[in-house]
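Questions regarding the structure given below will be posed in turn.
Letters are used for the chains, namely A, B, C and D, taken in the order the chains are written, and counting of residues starts over at 1 for each.
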Amino acid sequence: MKLSIIGLGRMGYNMAIRLLEDGHEVFVYNRTSEKSETLKEYGAKVIYDLKTIKNVLSTPRVVWSMLPAGDITEKNIEILSEILDEEDIIIDGANTNYKDDIKRFNTLKNKGINYIDAGVSGGVWGLKEGYCTMVGGDEKIFEYIEPIIKSLAPNNGYMYCGSTGAGHYVKMIHNGIEYGLMEAYAEGFELLKASKYGENLNLSDISKMWNNGSVIRSWLLELLEIAFKDDSSLKDIQGYVEDSGEARWTVNEAIDNGVSVPIISASLFKRFQSRQKDVFSDKVVAALRNQFGGHALYK
Amino acid sequence: MKLSIIGLGRMGYNMAIRLLEDGHEVFVYNRTSEKSETLKEYGAKVIYDLKTIKNVLSTPRVVWSMLPAGDITEKNIEILSEILDEEDIIIDGANTNYKDDIKRFNTLKNKGINYIDAGVSGGVWGLKEGYCTMVGGDEKIFEYIEPIIKSLAPNNGYMYCGSTGAGHYVKMIHNGIEYGLMEAYAEGFELLKASKYGENLNLSDISKMWNNGSVIRSWLLELLEIAFKDDSSLKDIQGYVEDSGEARWTVNEAIDNGVSVPIISASLFKRFQSRQKDVFSDKVVAALRNQFGGHALYK
Amino acid sequence: MKLSIIGLGRMGYNMAIRLLEDGHEVFVYNRTSEKSETLKEYGAKVIYDLKTIKNVLSTPRVVWSMLPAGDITEKNIEILSEILDEEDIIIDGANTNYKDDIKRFNTLKNKGINYIDAGVSGGVWGLKEGYCTMVGGDEKIFEYIEPIIKSLAPNNGYMYCGSTGAGHYVKMIHNGIEYGLMEAYAEGFELLKASKYGENLNLSDISKMWNNGSVIRSWLLELLEIAFKDDSSLKDIQGYVEDSGEARWTVNEAIDNGVSVPIISASLFKRFQSRQKDVFSDKVVAALRNQFGGHALYK
Amino acid sequence: MKLSIIGLGRMGYNMAIRLLEDGHEVFVYNRTSEKSETLKEYGAKVIYDLKTIKNVLSTPRVVWSMLPAGDITEKNIEILSEILDEEDIIIDGANTNYKDDIKRFNTLKNKGINYIDAGVSGGVWGLKEGYCTMVGGDEKIFEYIEPIIKSLAPNNGYMYCGSTGAGHYVKMIHNGIEYGLMEAYAEGFELLKASKYGENLNLSDISKMWNNGSVIRSWLLELLEIAFKDDSSLKDIQGYVEDSGEARWTVNEAIDNGVSVPIISASLFKRFQSRQKDVFSDKVVAALRNQFGGHALYK
């Protein structure tokens, strides 16, 4: 079908290709037009002014916003809402907080514009392997855009998750779990490396072996095979780990729902601490030990 | 090659079949002979008296002990060590603590008997998918028995991990990671279910979708698809979770090595608490809140 | 000085007495008048209609709201804001979220009414020992009401913490720490009781001893002495622990500020779980273990 | 009574003074004699050769070993056991593992020598405030040496805890709790400092206020008042925190007893991590995020 993709970052760019290869007619728009141009060879049509959308798409128009979550997406959807007509459809594929989806859905509903939230997983591998896609919103609208979702996703790799926000909610949980899984592997490998057997173990080989028949085999572990390949000591990588919001929301949600999430929260906190050079709480404990026990301070 | 398997539990029984199907000559021994008999149709030869091993196997004799770790295995290996000759090989496939491996290796070495520790993963699915196998001990002895390991494991699913204990050490870490992975999924699903979208979500469908293209796809998640299939509320299952020792040792090892393992330890502690009806620490906090704040007590 | 206290719960009632005993002229108001009546013998003057406040207090009028945080307090302050005049002062002594303080401060400022947030600690012991009080808002207004705070608090037991919200923020952190402290003691006593020495140890005696000269002596541990006094097995107390919000906010704040709080979050999650009969995440892990290892399920 | 103290470190030295001031006759021994000499002015008698103990003490001889736990204490007690006679009493006041106490007790029993384990808390403040002392061993022997314990401890600050090992076990739990308490305060102060109100808050003043009437007042918080006094940013202190073993044992014991200790373990792990410059598990997660999401690596 005809659709427009706004935002050609790591995700949006490859999603456009995947849709083009599956026969959709894709009008791409990006802040800077360079990336748009290179998509022409895949058959993309390029939009240089958002207002053009109104003319090039057939009604109900389908616009997929693939910008960074937060203010940028918010502003873009405001602009779109002024361009589009009643019945048109905006899909937000960013990692948006589900509460924002609900607000937006209501705002857009007042204008008669449809809103779909889509959580998209797959990262840089999505182009090749497909993007697992979790969709929330009005089920009829979902059915209308399903051909797009189907092209993006691998077989069985998408799902209508429920009313507005459900798509991003399920994606949020997905990412919360992801944090925990990564940390579980990371702890295991740290201990293995620190152990008496660690020096002689190639962690890429270990990952590969575990990926063949062990209980803990997974796609993440396959990626670890690759990550450890060149240098299983990772000596050139700094242990500085960013977080992109979903795990924070997962813990906030857990708190709101009275659900205990020791693993996901510990994984999040570990990342916070990975970015601190000078941990104040550790200073406090050091100072306190010095006070009561006369234990030496490191200065 | 010729070998004997002692212990035909869930693991040993299927391992025997896998070895038989790959052309090995397997002499099976079990405390009760019923299971041995049914293996005859796969071509197994049955031993009713351990001493027979000496006559039926060719030297160096290869005996695979697949009994529950701990006293039972310990005693069995003692008995075997009196039956076997110098150069013979005992392989322990149980989840033995690596420290016990080292003790045993030394004891057996004095008698000239070789000892190999093998960590075996794969559970009830191993028969079909192969057993991921981690081996420790003398490398030459590993090479000698490699054909057995190769038959047990899937392609690339085994590894020589290092000197005595290394096999069980790597398996211990594997299980520690497994505890963390399971808990990460479990937390995510608990929160999803408790959320406002939870009521209408089929967790088996969610698992299936995530297994197709998402970052968190894994074999464990495939098993969750099955586990949630009949009843995604799991209402007939009690949340009582046993632990079999390896995660305890993983945390102990982490402590000995000064390695921080918040995820694995939290996963282990969660299991402990799942088995408690009446958590004393919670009573203490309740009593304390009553003392300072006059907060109501539940009796 | 002259002031009115609205809300005579466990805290408000005793605070009124403490103020009366220190010579303040206190006009009390409560939803039901019974409690007000009994305060008369301490010298309190009773208000039966909030509007009376306007006449009985001298300007700038000082009204201390001591109602449950949340909607009840919110509504009460709205009502007060319609009764009071410019320059009058509302103090909220509830455990209000600091973000609500900031909103309220701005709303009231538009009407010229002053707003002070006061975090009050001390529980049922405050009457006798004084209430530790943390104050936020305009410093000049703080100075004006300081005589009240001084009467409520023990020597050195109050502080001006900064601009609006600071009082409740510091109180929130106080409570977050409190959760962690309680859980630390609780874990220690649970392990002590479960140990081989536990059966013969009287936990009240242990607490008392530790309170005399040990590093971990504290007021909470003194309360544990009392709590364990009659029955150190706490067999008549259910391990059901409520939480009143501040620790939730503490963890949320930590997330917003990228600060790692493993202890406070674990203490909060422990309370969540203490209230669950049937922990879904434990069911998930049990179901999963059954899938891969054939481990028995408890039904 | 007459006794000998072996080991005049931070603890032993002050304990000797406290005993001398309470009228005991104390024979001190230290590896280097300098410290012994300065104790002469408090009335100590100095021993330069351990064998002298036999002559200067009256039977049953009482010897208090106050050396670092582990090999040094072990060796010292071996030496003492060859010098002393049947009925004599060795007290170990170090932070010894209770399992070692049991081994030692049995070894010494074979020689007819009595062994008492004493857990001593109080740190550098013990001289002034008294040492909280937890005693294990034969109750009759405890009663015999009680006058010494009584002089060391503040009023009510000592306790006979049970059979051999009980004293050090209770001390171990005490220290485990201590780790949790310290971390709870540390987290709270870190968040307070990081918050929007943090810049203007003097943490020493906060501690002081909380120590007057708040629920979280404690001796540790009094020490924090002092620690924060000169510089509440602690900018000259490195957040490098040692651990001395008891919390490790506490977690190991918890694992052996199936008791969940999320707070104490998290506090211990936090210390481990405070000493790491380059956390391998963080590198693993960073590498993994780069693999699946193309997220930037810091090198």
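The rule is simple: a contact is a pair of C-beta atoms (placed from the backbone, for glycine too) under 8 Å apart; a residue touches a chain by one contact, two chains touch by 3 or more.
All values reported here derive from a predicted model rather than from experimental measurement.
Asks: Could you classify the subunit A-subunit B contact as same or different, where same means more than half of all interface residue numbers appear on both copies?
Replies: same
Asks: If you average the Cα atoms per chain, which one ends up farthest from subunit C?
Replies: With centres defined by C-alpha atoms, farthest from subunit C sits B.
Asks: Thinking of B-C, which of A-C, A-D or C-D forms a repeat of its interface, with over half the contact pairs identical?
Replies: A-D
Asks: With respect to inter-chain C-beta contacts, which pair, A-D or B-D, contains the greater number?
Replies: Spelling it out, more C-beta pairs touch across A-D than across the other pair.
Asks: Roughly how many whole angstrom separate the Cα centroids of subunit A and subunit B?
Replies: 34
Asks: Could you work out how far the Cα centre of subunit A sits from that of subunit D, in whole Å?
Replies: Each chain reduced to its C-alpha mean, subunit A and subunit D end up 48 Å apart.
Asks: Calculate how many whole Å lie between the centre of subunit B and the centre of subunit D, each centre taken as the average of the chain's C-alpha atoms.
Replies: Taking the average C-alpha coordinate of subunit B and of subunit D, the gap between them is 39 Å.
Asks: Mind pulling the residue numbers of subunit A that touch at least two other chains?
Replies: Within subunit A, the residues that touch at least two other chains are 123, 183, 185, 187, 190, 194, 215, 220, 258-262, 266, 270, 273, 279, 281, 292.
Asks: Okay, in this complex, where on subunit C does subunit A touch?
Replies: 215, 248, 251-252, 254-256, 258-262, 265-266, 268-270, 272-273, 275-276, 279, 281, 292
Asks: Per the contact definition, I'd like the list of subunit D residues that touch subunit A in the complex.
Replies: Where subunit D meets subunit A, its residues are 10, 123-125, 182-183, 185-187, 189-190, 193-194, 220, 223-224, 226-228, 234, 236-242, 262, 266, 270-271, 273-274, 278-295, 297-299.
Asks: Under the stated contact criterion, what part of subunit B meets subunit A in this complex?
Replies: It is residues 121-123, 126, 129-132, 134, 136, 153-159, 161-163, 165-166, 169-170, 173-174, 176-181, 183-185, 187-192, 194-195, 197, 200-201, 205-206, 208-221, 250, 253-254, 257-264, 266-267, 270 of subunit B that touch subunit A.
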